[in-house]
Structures are given as C-alpha cells and as structure tokens.
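Following this message is one structure expressed as structure tokens.
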Amino acid sequence: MNDERPIKKDWRYDLHEIIYEADTKAGKLFDVILLWLILFSVLLVMLESVEQLNDQYFEFFNIAEWVVTALFTIEYIARIITVRRPLSYIFSFYGLIDFLSTIPKYISLFLVGTQVLVAFRALRLLRIFRILKLHHYVGESQKITNALRASRTRILVFLFAILLICIVLGAVMYLVEDHESGFTSIPKSVYWAIVTLTTVGYGDIAPQSVTGQFIASLIMILGYAIIAIPTGIITSEMTKANAGEPALSTQNSCPNCSAEGHLYNAKYCYRCGTWLKDYENA
Amino acid sequence: MNDERPIKKDWRYDLHEIIYEADTKAGKLFDVILLWLILFSVLLVMLESVEQLNDQYFEFFNIAEWVVTALFTIEYIARIITVRRPLSYIFSFYGLIDFLSTIPKYISLFLVGTQVLVAFRALRLLRIFRILKLHHYVGESQKITNALRASRTRILVFLFAILLICIVLGAVMYLVEDHESGFTSIPKSVYWAIVTLTTVGYGDIAPQSVTGQFIASLIMILGYAIIAIPTGIITSEMTKANAGEPALSTQNSCPNCSAEGHLYNAKYCYRCGTWLKDYENA
Amino acid sequence: MNDERPIKKDWRYDLHEIIYEADTKAGKLFDVILLWLILFSVLLVMLESVEQLNDQYFEFFNIAEWVVTALFTIEYIARIITVRRPLSYIFSFYGLIDFLSTIPKYISLFLVGTQVLVAFRALRLLRIFRILKLHHYVGESQKITNALRASRTRILVFLFAILLICIVLGAVMYLVEDHESGFTSIPKSVYWAIVTLTTVGYGDIAPQSVTGQFIASLIMILGYAIIAIPTGIITSEMTKANAGEPALSTQNSCPNCSAEGHLYNAKYCYRCGTWLKDYENA
Amino acid sequence: MNDERPIKKDWRYDLHEIIYEADTKAGKLFDVILLWLILFSVLLVMLESVEQLNDQYFEFFNIAEWVVTALFTIEYIARIITVRRPLSYIFSFYGLIDFLSTIPKYISLFLVGTQVLVAFRALRLLRIFRILKLHHYVGESQKITNALRASRTRILVFLFAILLICIVLGAVMYLVEDHESGFTSIPKSVYWAIVTLTTVGYGDIAPQSVTGQFIASLIMILGYAIIAIPTGIITSEMTKANAGEPALSTQNSCPNCSAEGHLYNAKYCYRCGTWLKDYENA
C-alpha cells in the first residue's frame, strides 16, 4: 500500500501519511477518530432499525447520519486525492466498501419511502469491515489470525465432515420421526441436526418419538465430544506458536546474578535485589 | 486394495489406475468429478424431500436422478471389470455402498407410489460415505483421524461415564420432579439429562420445582466443566503430534503387500520391507 | 483390598481371586459378566419406569428382576464368605451399595403398591456405581482421573467463581427485568443466569426488555469465553502428563540404522528396511 | 495496603494483623468466619426475594439480617480504627463496598414499603465482591488470573471480533427474515445472533424462512468452530505457565513499599529492592 504515496514531500504526502499510516502521532489519532466514527455510525444504523426509536428521534438520526456521511465523504475524497494511483484504490476491496457505505444517504434523497431503501441503508454497516483495516495497531489479533491460517485446511475439513454427518443424521431423523414434529423435509431435518450437534438447541423442532430422542441423544453426545476437535487443532497451533514466548516474566536476565524469569514489571532482581532497567522504557 | 489391479498393462490396467488411484492426472480428475457428482446427487435427494419443490420440479428431479444413476452405474460396472478380483470388491464395504446407492432409482420403476420408496430413496444418501474414500487427497484429515485414533479409548471411556452420570441424574430428576413437567419416565429423564449436560437445552422439557431447578443447575455446571475433558484429551494428543510433526504417513500403498499409512519419509515398507518409490520424487 | 483374602489356598481363596481380582482368566470373565449383568439390571429399572411398557411386559420385568436379584444376592453372599473380614466389607462403600441395590426387590414383597416403592426401586440403579469399581481394566480412565485430580482445586475455584458471577448477574436481572418474564425471585434469576452462562439456554425464561437482553448478551459472551478456563486447566494438565509418551510411533530405534519414530505397528525400518522386533510381542 | 498498619505494636496493631492479614492463625480464622458470614448474608438476600418464603419467614429474615448487619458494622468500624489512614480505606474500592453493603438495613428503617427499597436491599449482594478479597488463601486462583491477564488483550480482540460478526450477521438476518418471526429490529437480530453464535439457543426467536435457517446454520457452525479460539488462547497460556511452573507470585506484600505479586521464590522486592522474608521459611 505504501508504494501508493506521492513522491514529493508536499501536503499531499503529509495527508497520505496521516490517512494511510499509523506511524505518526497524527496518523494514530486519525485511526482512533475513524474507529469511533465507524462505531458511532454502526450504532446509528442499528438504532434506526428500531421502529419506535426511529419514530421518536427521526430528526436526530437524520442529522447525525448526514454529519457522519459528510465526514466519510471528506475522508473518501481525501483518500482519492492523496493516493498516487486513485483508480487502484477505488476498485480495491476497501475502496469499494468506502464507496458503498457512504452512498446510501445520498441515494435516500431520490428513493424516499421505498422498501429497497432498507437494504440500502444496511449497506452503511459495511463500514464495520473498515475496522478490520485498523486492526494493525492491535498486534495481538495477528497471533490469532496466524493460528487460524495455519489450521485453516484442517478446520475446513472438519466443518465439511460435520456437514456430512449432519446430512446423514438429518436424513435418518426424517425417516424416523413423525413429519408433524417439524421434520417435514431432509433440509429441515439437516437444519435440526446442525442446531443439535452444535449444542445450540432452539427447541422449535424437537424429536417426539422414542427412536428420535434416542438418535438425538447420540447426536448431542457426538456434538459434545467432537467440539474437542477444532479446539484441539487451534490450541495445538497456538501452543506451538506460543512456545518461544515468556509467560508473565520478561526475557531479561539480571545484570548482576543472571537470574531469569523476572516479572514483566520488575525494577529490581528478585534474587539479588540489583536494579534492572526500568520496564516502562523497555 | 491395490493388489486387486490386473498385472498386464492393458486398458484395464490404465482404467484401474484412473478409478482406484489418485497418483496420475486422470486419476485425480476422476476423483474430483466423482466428488462433485456425489455432492450433486446428495443435494438432489435433499431437495426432492421438500414437498413443494418436488411438486414443482418433479420432471427436473426425475431426469437429473436418472442421469446421476446412469453415471454411477457406469462407474460401478467399470470398477467391477477393472479389478482383478471382482467378488471381493462387490462384497467389500464400499462395493455394497456403491450398489445400494445406485439401485434405488431402478427399484422405483417397479414400486411406484409406495411409502417404502421414501426409505429406498434415502439409500442414495449412502453415497456420502464414498466421499470418505476420497479423503486421501486431503492429507490434513489424516492428522485429525490420527489424533482421534490415539485418543479413541479415552474418549469412549469418557462418553460411557457421561452416559452413566446422565442415567443417575435422570433417575434422580424422575423421582424429584413432577411427572407433568415432562419427566414421565426414567428414559425420558435421562434424555433430558443428556440434553442439559451437553448444553443443548431444547427447553421442551424443563424442571419446574425448586429442587429440580437446583439439580438442573448442578448438571449444567457439571456439563460446562467436563466438556473440558474430551477437549483436553484430543488437544494434548494433537499438541504432541504437532510438536515435531513426526509420524505423518504418505498416501502411497506398498507395491508388494498393499500396506498403507507409511511414514511420509519412508523408503521401505514397514510391513514387508519392500523398497518404496522415493518420497522426494513423489 | 488384597489383604482381605484368606491365607489358606482353599476354594474360598480361589473364589476370592475370581470375585475380587482381575488377574486370572476366571476373574476377568467374572468382571465382564458382572458388568453386563449390571447394565442389564439398569436397563430393566429404566424400562420399568415407562408406564406403557410396564403395563404390557409386567410379567417379564418381574421375572427378570427376580433373576437379576437372585444373581446379585448370590454374589453378595459369595463376597461375604470369601472375604477375611466380612464386617469391613459389609460396611464399606461398595458393600453398602451391593446391599442397597439388592434389597429393593425383597422389600417389594411386603410393600406392594405403595408410592414409596418407586423410590426404593430406583435404589437398584445404585448398581451403576459398581461399574466404577470395575474400571481398573480400562486403564485409560486412570489418565483422565489423574488429570482431574491434579486440577481439582483449580476447577473448584473456577466453579465457585462462576456461581458468584451467576448470583450477581441473576440479582441484576431480577432488578432489571419485569417479574412477569419469569424473573420472579433472585434464586430463579440465578437459575436463569446459570442456564445462560453455561450456554444451555432452555428458553423457558428469556429476557424481554432491551436492558435485559443486553445484559443477557453479555452473560452469553462471557459464558462463551470462560468455558475456555476449565478446558485450559485440564488440557494443560493432560498435555503435561502426555509429554513423555510416544504419539503414534514407537520409542524403538532401528537396530541397523538407528532411525527413530517408527509406526507403532512397524515390522521393518522405514529407512533401511531392516526387520524390527514384532510389535505384537512388544 | 499493608503500609496502612500502625507502627506501634499495640492492640490496634494486633487487630490490624487479624483483620487485614492472613498470616496468623487468628487472621485465617477471621477470614474463614467472614467468608461464611458473607455467604450466609448472600443466601439471605436471595431467599428474601422469594415472595412466599418472605411472607412465611419474614420475622426470621428480619432478625437474621439485623444480626448480619450488626456484625458487618462492627467489622467496618474495626477496619476504620485499626488502619493508619482511615480515609484512604473508606474511599477505597473495598471500603465503599463494605459501606454500601452494610447500610441498606439502616435505610430500611426510614424507607418502609417503598419500591426503591428492593434495589437498596440488593446492595447487600455487593458483599460477594468481598470474597474476591479473601481469594488470596486459595493460591490456585492466582494461576487462573495470571493466565487470564496474560491473554487479556487477545481475548478482548476476539470478543470484539465476535461482536462485529454478530452485528453483520444480525443485520443480514434482519433483511432476510420476516419481521414477524421476531427479527423486528437490527439490535434484536444482533441479540439473536449472539444467542445463536454462543450456542445458547433460547428458541424465543428462531428463523422460519429457508434462507434464514441456512444463515442460522452457518452462524451455528461458525460459533461451534470459533469457540476453539478463546480456548486455544487460554490453554496455550496455561500450558506455558504449567510447563516449568516458573512465575507464581507469593501472597506476601513488600514490608517497605507494599508491592504485591512477587515471584514465589523472590528474596527481594521487585519494585524497591527491599529484602523480603525468605520464602522457604514462609
């Protein structure tokens, strides 16, 4: 992304630094403000969907949405003019999200009162994905995604196997259970099998016959046991990744007695009392 | 399985390679096509069971089923003529599945409109198990099944213990709770205990008395805590297997004794000592 | 337990070996027969509680119960006469269970048709605990109980914390939610909090107000996250215990080339093809 | 906290030792009595909320509450007079909890029969948090909190991601599902998504349309799979901490600077370098 920045160090370069990078103080501030703006705009969309709130605070919601939309429009334009190759930004994943999540309010000027508008309004929720882009200053999320990426294939194979099991068990339940208990088709029975195996258990469809309840018991116990599999996959991956890191203690050894395993905020060696380098400067 | 292949290198040998092995390009393509065909046929069975879809698209479903059945029939015949010992294939597990999942459509010609047909139709779902046979080119599934195999006994002991706990707790609830809350017999109460312990919680049967809700709370907390046990068993197994990634077997079978599951870096068969083709050139 | 056996090697000594030990062939057979007998008797108690089954097969159940009771009586007497100190057996945990689970059928001769009988009948289910005594020939259960014992205190501290959290959250819901939604008292709200936190979710009591649903969401997410704690405790305990064991490969090295990490059932070295010692004799 | 103790070794010093420390026999006894008193008072609050119990045993509850309140009042006064800087105790977290949980009974003298009283009464439940203060003699809880602290950021990032996913999926369901199935607004749909993803599954809101059930299935399988993430995070942390059992801090505070959480084998304070009493003699 960095190769998109203008070469000359002018105002466009500085703005690019602020918008696209999080290295400078201004850049970090920009990201934090953007994060809160997105969260606020998401909250707006959510609350607007509550009919009685929308009836009561319609004016406030309308104004707030226009303010948010204006800010996002400014940001969108700023992104385009500061980037070296605007077109590649516009048609990138985040470029499209920025566009699609900003446009609905403008469209609402022309399409007043139509049902299509509801779906269009929801487009503003796409801004949530922008948060993912800001994740880079929460370095911890990297570790999680790393472990997930490493175990991706295994998890997918597992989920595929779960699906096959649910299809077979759903079909069996379809044959065994009375269709009046809710098992009216194989897809519906498969849906029920998924609800049961994942231990969600809505109870809107529940087996009534003895055989059905027996099979259901097997599915539950199965689901209860095999939840161990994705857990095992990811845990073993994380344990591996974690192996080289210090627990709570720092990796520093005492300069006097070489004792290791100090607390992460230790200023003095726990064995000989020597002053360690200040952890706040570390 | 490989010892079934004809010795002479004729068209039957080539066809055998394509159908039974996944080493060649044609063989891999065959497996992929077969996989999609099975998934399509499973989808067909599922959608046919939805009454309104079946009424509307009856013609399409009928034709599609005949096409699929024809293709599976061809495959079944090809498997029989290319294998050296046809009878041992026909009466093998997958041979029977191939037969049972292909025949329903032919039977439907004679048994039109009878209720038995529904169960017969569902036999086509057996094809799902064929997918398991294709699993070998998703090497990752091997790791999962290895960990499961290694912890099989422990998991079974655990599930048996769960069952005993559910029987005892179910019986206690049967004594404690009013039979009108749904706890009409011990088996039903045991069913409820399983629903509760596995944290499925349908809510079709729920304790009403104070004592019942107290015991239910204990069961829930118990279930919430002991889900840690299968997870612990499998995770520790996977962590161990993951640590040095030692014993991953290849997908190749021994050319002499057909033994499968060799170590990924094996040069010699562990059963008969025959030289295997070098894994680095594989 | 072994110090209870008679000193002289007479028939009582032999019988003691069979009943109390699992070293000999006869002793193992005795344990297996006892296991199935207990399971059969437990099944009987369960099925008898189903009213329609009891009405239909009353005669069969009655006879079967008498046969089972007779066999357990014989076993109980045999245990008393073969043990050196009969009183210490009679008043031991398993001695009392043997007595209490055998007596109900005899009592039923005197107390016909009374309601007390139902609870008495259920006493026969106590035989289930006898299975625990037989667990010693499923060595795997030892590993599980070891890990549980090692993490017992931590698990209890965790469950106590869960209970405190549920009390606080239940009380909050009691204040927040309308009492007509089912949150009629703090204990009931605590019950609901346990149902929610453990992700059981019956749905017989569910928050209706916005604040209530918000707090409920927090409880669910909390419950979803902290299930990781008991899992973490037990898994780390098992991983530690598991560390020294071989994964799927044996600990043997090849006598010729010293290659390690052979498959557990390997007869030949995977690297040089040398014959390894037969795994079945290992 | 220890720096609050009076310097002279008089009765106030001794009382301080008993109330604030758990090193002496009397101090431990004090903590145990306090623990049971808190649990008893919490039980009282819970049972009082059950209307029929309150009607029947009103007199008993009233007297018991006055006894408990009297004891807590004595304890509160003792804490104030034995501590060196009473104000800093009074306005500390636990000082406020002690005050707020003791006062409701006195207030009830003036505010008889008002609805506000119910909320006031519930304040007595705050005493539960006092138990957390007593946790230090259950050393095991330290290990759990250590693992949680080490993985705090990652868990929070995970929960935030879960929330974002639930918002997006809830919004999709709001668009897809008929509003009459209960998906009346985005917040309600998000609530449903949380109920489903965490596998709680009340069933008070459940999708009715085919698309809705399909998306619900995806959410369930997602929830079933990603529960592995917090588990993986905490387990890998605990496995690491468990491996060599390195960084378990003692329960002692530094006599000079009151720093807490020293390593279990620390001889010197990590903050000020003061010599701590030898842990082997502790």
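For reference, chains read A, B, C and D in written order, and residue numbers begin at 1 within each chain.
FYI, a contact is a pair of C-beta atoms (placed from the backbone, for glycine too) under 8 Å apart; a residue touches a chain by one contact, two chains touch by 3 or more.
Note that the structure is predicted; figures quoted are calculated from it, not measured.
A.B. asks: What's the chain with its C-alpha centre farthest out from chain A?
C.D. replies: The most remote chain is C.
A.B. asks: How would the chain B/chain C interface be labelled, same or different, where same requires over half of its residue numbers to be shared?
C.D. replies: Counting shared over all numbers used gives less than one half: different.
A.B. asks: With chain centres defined as C-alpha means, what is the inter-centre distance between chain B and chain C in Å?
C.D. replies: Comparing mean C-alpha positions, chain C is 28 Å from chain B.
A.B. asks: Could you state the distance in Å from the CA-based centre of chain A to that of chain B?
C.D. replies: 32
A.B. asks: Give the residues of chain B touching no fewer than two other chains, as numbers and ranges.
C.D. replies: If we look for residues of chain B contacting two or more partner chains, we find 158, 187-188, 199-203, 223, 227, 231-233, 235, 237, 239, 241.
A.B. asks: Would you mind writing out the residues of chain B in touch with chain D in their complex?
C.D. replies: The contact residues of chain B facing chain D are 199-203, 231, 235, 239.
A.B. asks: Within the complex, which stretch of chain A touches chain B?
C.D. replies: Interface residues on chain A, with respect to chain B: 153-154, 157-158, 161, 164, 167-168, 171, 174-175, 184-188, 190, 196, 199-203, 206, 210, 213-214, 216-217, 220-221, 223-225, 227-229, 231-233, 235-237, 239-240.
A.B. asks: Taking the complex as given, what residues does chain D use to touch chain C?
C.D. replies: These residues of chain D touch chain C: 42, 45-47, 49-51, 118-119, 122, 125, 128, 131, 138, 140-141, 143-144, 147-148, 155, 158-159, 162-163, 187-188, 190-191, 194-195, 197-204, 223, 227, 230-235, 237-239, 241-243.
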